[in-house]
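Would you mind keeping the following structure in view while I ask a few things?
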Amino acid sequence: MANLNLVQAINLALIQEMEKNENIVLLGEDIGVNGGVFRVTEGLQKRFGEKRVFDTPLAESGIIGLSIGLAMGGLHPVPEIQFEGFLGPAYDQICSHAARMRSRTRGAFTVPMTIRIPVGGGIHAPELHSDSPEAIYAHTPGLKVVMPSSPYDAKGLLVSALRDPDPVLFFEPKRIYRAYREEVPEDEYTLPIGKARTVCEGDDLTVVSWGASVVQCMQAIERATESGGPSIELIDLRTIYPFDMDAIEASVRKTGRCVVVHEAPLTCGFGSEIAARIMEKCFLELEAPVQRVAGFDTTMPYYKLELDYLPDAHRVARAIHDCMAY
Amino acid sequence: MPITTAYETKIDRISILDEHGNFDEKLGKGLVPDADLVKLYEAMVSCRQLDEVAFRLQRSGRMGTYPQNMGQEATSLGAAYVLRPDDWMVTCYRENCGLFWRGVPKEAILLHWMGDERGNAMPKPHFVTPIYVPLGTQMLHAAGLTMAGRYQGSDRIACTFFGDGASSEGDFHEACNFAANLHIPVVFVCQNNFWAISTPSRINSAAPTFAQRGLSYGMPCVQCDGNDLFATVYATKQAAEYARKEGKPAFIEMVTYRLGDHTTADDAKRYRDQAEVDAWKARDPIIRIRDFMVARKLWDDAKEAALREKVEHENAEAVARAEGIAAPHRADFFDSMYAETPADLAIQRDTMHTHSLAQDPSQLPPEA
Amino acid sequence: MANLNLVQAINLALIQEMEKNENIVLLGEDIGVNGGVFRVTEGLQKRFGEKRVFDTPLAESGIIGLSIGLAMGGLHPVPEIQFEGFLGPAYDQICSHAARMRSRTRGAFTVPMTIRIPVGGGIHAPELHSDSPEAIYAHTPGLKVVMPSSPYDAKGLLVSALRDPDPVLFFEPKRIYRAYREEVPEDEYTLPIGKARTVCEGDDLTVVSWGASVVQCMQAIERATESGGPSIELIDLRTIYPFDMDAIEASVRKTGRCVVVHEAPLTCGFGSEIAARIMEKCFLELEAPVQRVAGFDTTMPYYKLELDYLPDAHRVARAIHDCMAY
Amino acid sequence: MPITTAYETKIDRISILDEHGNFDEKLGKGLVPDADLVKLYEAMVSCRQLDEVAFRLQRSGRMGTYPQNMGQEATSLGAAYVLRPDDWMVTCYRENCGLFWRGVPKEAILLHWMGDERGNAMPKPHFVTPIYVPLGTQMLHAAGLTMAGRYQGSDRIACTFFGDGASSEGDFHEACNFAANLHIPVVFVCQNNFWAISTPSRINSAAPTFAQRGLSYGMPCVQCDGNDLFATVYATKQAAEYARKEGKPAFIEMVTYRLGDHTTADDAKRYRDQAEVDAWKARDPIIRIRDFMVARKLWDDAKEAALREKVEHENAEAVARAEGIAAPHRADFFDSMYAETPADLAIQRDTMHTHSLAQDPSQLPPEA
């Protein structure tokens, strides 16, 4: 049992799985000697050698396209895309090939691959270093999309991804890479892809979120509780696709109210899918419309204004208030 | 010296059996044993005949859009003849002749164009990938497949095919660059058939050759007459030996011509002159080999007639197998998405024609 | 007044606007001599010359990237992407640049550009020639997304796009390129981007759709009406972003029931946004959960099974029945 | 002849004032008038000093991540000196020296790195584009801008800069290919500074030069000493003249070195030896020109001291202007999305801190 931050938990998961499974290889920009710009792969090239951990040319489509070939050839590549803003050049290889290979070849070729991607805002970074594109990939059948919100979850979910026979986009919220530490077992454990986590239980309202926003939600809930507010249940989705609708449904059937929180733009963000499903599944139990607290329908602003863009505890609290008052 | 030379290079052009029947003994002698030559010829004729059959199938509504290979048989066949059975051959959609040589069942290709994914379930032992639709994307997979093989201890290489048009895609550049810099032995074959649908090759490259596309990456580059089977064999042999020995990529431009329309959905008369097509008909790779064999008493009209009959029969059987396959099951496209079908997707599958998607069946009255 | 199909209506709109505005240039794969694989630009190179209508190298990112530069330089480029399945390679130029240029330069550079894209299934086409990615771009702030469902609308909307100061993705449903003809005025007219069209009025239920699916909806509604079913209002969204929520809201407040229909996959399709908004705006008036009839969460199958994938009149009718019976 | 030559070429390397002070009169004489040389030197010194200021700003939390230009001043400056004021200069993020030469206000660059979009509102008359973050993407815009200019009747060209790493991106290939085949006069300048963050340039190209990246497209290619201002001026002059005259692109590799960390977020000691850095310090483009001017009595310590003072003062003022600008308004990022803000977006803007997004205000009780 060690006290680790999210970066260290991912690093540990990679080490342990690479020792178990020699088909796992890591590739990407600056992940070798440099250990990645966030140091997530620190020490791995030294430990596993240049055949298993290697730097690539600076080309994201190439990184993913090569990885697809590696996966078709029987390995489990773990490409790192340096920032989510640079997924764009790889969009076609991910959506036209990785997502389709199994289905278009009726299983003759498959793409077991875990794409690691730092995601989200709040770290004062330059342009295109602060976005949240998870909904784009959740709308693309054939992919799995994971976004942990804690070191413990990160390790357990990454191990599952590294053992998954299908392509997984593993989004790492950079805002909480080093925000806090928690106990993370050295011993092997996995967290199932597709299952949510109930962070705290409550009876009056359900908050659904994922990634760094979960932390904002916890703050808002604490305040609400301190000030004797409603009893709130917080669900951390953990995986965006497949997503744990059963957990959300059970909770909202109980509470009758729901607030969804994410950093990505509102329109067609994944919150819209959750809101639509809740209506479909819990229509008769709903006491208020599902509230969405999300990024706005604008480009993520440069860092001087980024905190005005990102959902924060205040906006979450306001949504809880509105939803309860409805 | 203020002005020095930073780099200097030269690209060869290989031609062994030219359109006038001139054969270069020095390069050509012993390159392809007579017995093999006959088999290769038969393969080209068979592929050509299947093209005609496929065309008729499309016209009679028994197949969707189909891209004929006519005129380009010698490119992929020459490569397939040289490659080891366990080398990867990663192609686009105009390399039927090479794929069939490696044992890919003809019905697989037919099924693909009949709108049936089962045509893409390529048998692994052939080390080929299914037809690729998005241009320029497959070469990166060729590099990955080869790197995986090396990782697993094999000295397998890959040979990947793409067109003059596809070489304009960014992924082409990235594939070449990755292979060269990460030392992945891939033979890149650009099939320059002068057209990308209606777009003349000069719009895809203003350079004197497509072969020089490989110079950026420091690859050995060569151009060859793609309608000369001996030349495609020779060029691929050299490139494959280099790649396997050095563990590095090589680049070949095979100059050929698309004798038919781009696909059955295309009408080439809209954008190119018949004169140009006729000139290239005279350079047909099949005629060239037949004349060569006849001159060497390896072939005659009787053999030709027998071959025609055999080929028509075989191809008819392939069509029968393709059309005889059971209709795909509606559920197929759900169950092939993931190793394990997510619960929500299973519900979509099971209720696809009985409920509207959004509906929780438990809340439903029976269908009216 | 001429009787035109959708292809001819677009061709006419291009001719008329190009004659008015010499800053409009057309580029793409095979759009010149060949007139495009669907013949939408037939005769335009002959008419306007190779400087205004030209074929490009085979590279979608290049086509869009070049167009962005042309637009920054003061022209109004109209790039054609041959099929929606080949938008992938251009994703980065569209989303990282076209969508952001105005905002990241605070208006110093803008990208007036109309990207024409044949979209959708139902024509027996090969792989990647039958998809519906509109939600991906509706989730990308800075873009406008248009999809007409008729020749008349196509002309009016395209003229608006060609005069719009911001980047517009103009999706052309290939399934109805030649499906039918209707009266299309020779005279100039425009249809505003962001306004929906009420195809037919009704009191019991609202159907919202766009593109080729509108035709399927009309069939379903006819049948329902013939068999003395409910009175149904059909709204053709016409533009996906910005979208006409006022029209939807007004209708659903009246009917209390809604079915949304689109070809794209269900999860995070644009139907989810509409469903979520209806709940937000019309919660108290809703008598049943909004029903979504959409493509499934799978890769679009090859053509042997494509009709099992695409929403058809039967599935729309079923949804109407379910929604009414709720 | 079965083996003929399909293509042959040679790439020159230009060096005029080398690191030992050797000056080639033949190429260098009259290339840069003494008066200009002094101004160019002052520009490099000023740019270098701003780099130091920016570094301190970042360390003291007054600026975000910043990429120093240190050591590469002569590349973009040589080009900017040659270009016509109405030629486009389309850069990445390490070309401050050239941009300042063209009159871009220093505070614009500072503002960008201070997380303020107003730093990107480049004044049109300078014909420059703002800093680009996604690598390799700007060269296509350079091609489009140039094509638009030609369409409007101007003979304006563009000069676009990118790094050794960025040349691995697919968009690089597409930009070169479009410019070559559609006859767009763009001068492509690859700044090879041997590193892409921690990635050595050999991983981005295994070829002997980056200059040969241009051979694929049949462009004239040249390599020059990027730390030799005379060489960058000479190479750009030749390329620009060719481009303007022929209406076609040209390619230049400028060999230079990044003396500082990749950015303030980077620690180059993790991946490169100090010895390598020291060797390159000896090739500093600024020192080289200073020694040259001193030897020719164009410069002395007094002038140097005066310049330092002037530069520090000017740069301090630029910082003051950048930091003195009013805080951006919250509404800015809504109102700059479209020429006309959509109604729904306006509601998001107006209610961003008073209501939760999903809520229809009309249905709301007043805030608690």
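Observations
The chains carry the letters A, B, C and D, assigned in the order they are written, with residues numbered from 1 in each.
Definition applied: a residue touches a chain if its C-beta (ideal position, glycine included) is under 8 Å from a C-beta of that chain, and two chains touch if they have at least 3 such contacts.
Owing to the predicted nature of the structure, the values given are computational and were not obtained by experimental measurement.
In summary, the chains found to touch both subunit A and subunit B are C, D. Summarising the inter-chain layout, the chain whose CA centre lies farthest from the centre of subunit C is D.
One simple way to say how far apart two chains are is to compare their mean CA positions; for subunit B and subunit C this gives 35 Å. Centre-to-centre spacing of subunit B and subunit D amounts to 42 Å, using the average Cα coordinate of each chain. For the pair subunit C and subunit D, the distance between C-alpha centroids works out to 39 Å. In subunit A, the positions touching at least two other chains are 56-57, 59, 61-62, 85, 88-89, 92, 96, 103-104, 127-128, 141-142, 275-276, 280, 283, 289-290, 292, 296-299, 326.
Looking at subunit D, one finds that residues 117, 134, 168-171, 174, 177, 181-182, 203-204, 332-333, 337, 344-345, 358-359, 363 touch two or more other chains.
The touching residues of subunit A, when paired with subunit B in their complex, are 25, 51, 54, 56-57, 59, 61-62, 65-75, 77, 89, 92-93, 96-97, 102-110, 141-142, 144, 164-166, 194, 242, 245, 276, 280-281, 283. Contact residues of subunit A toward subunit C in the complex are 61, 85, 88-89, 91-92, 95-96, 99-100, 103-104, 127-128, 135-136, 138-142, 241, 264-265, 267-273, 275-276, 279-280, 283, 286, 288-290, 292, 296-299, 326.
Across the complex, subunit B is touched by residues 2-16, 24, 26-28, 168-174, 177, 180-183, 202-209, 211-213, 215-218, 222-223, 248 of subunit D. Every residue of subunit B that touches subunit A in the complex is listed here, in rising order: 117-118, 120-124, 129-130, 134, 137, 140-149, 151-152, 170-171, 174-175, 177-178, 181-182, 332-333, 336-339, 342-345, 358-360, 363.
Residues 64-65, 112-117, 133-136, 165-166, 168-171, 196-199, 203-204, 265-266, 270-271, 327-328, 330, 332-334, 337, 344-345, 348-349, 352-359, 363-365, 367-368 of subunit D are the ones that touch subunit A when the two sit in their complex.
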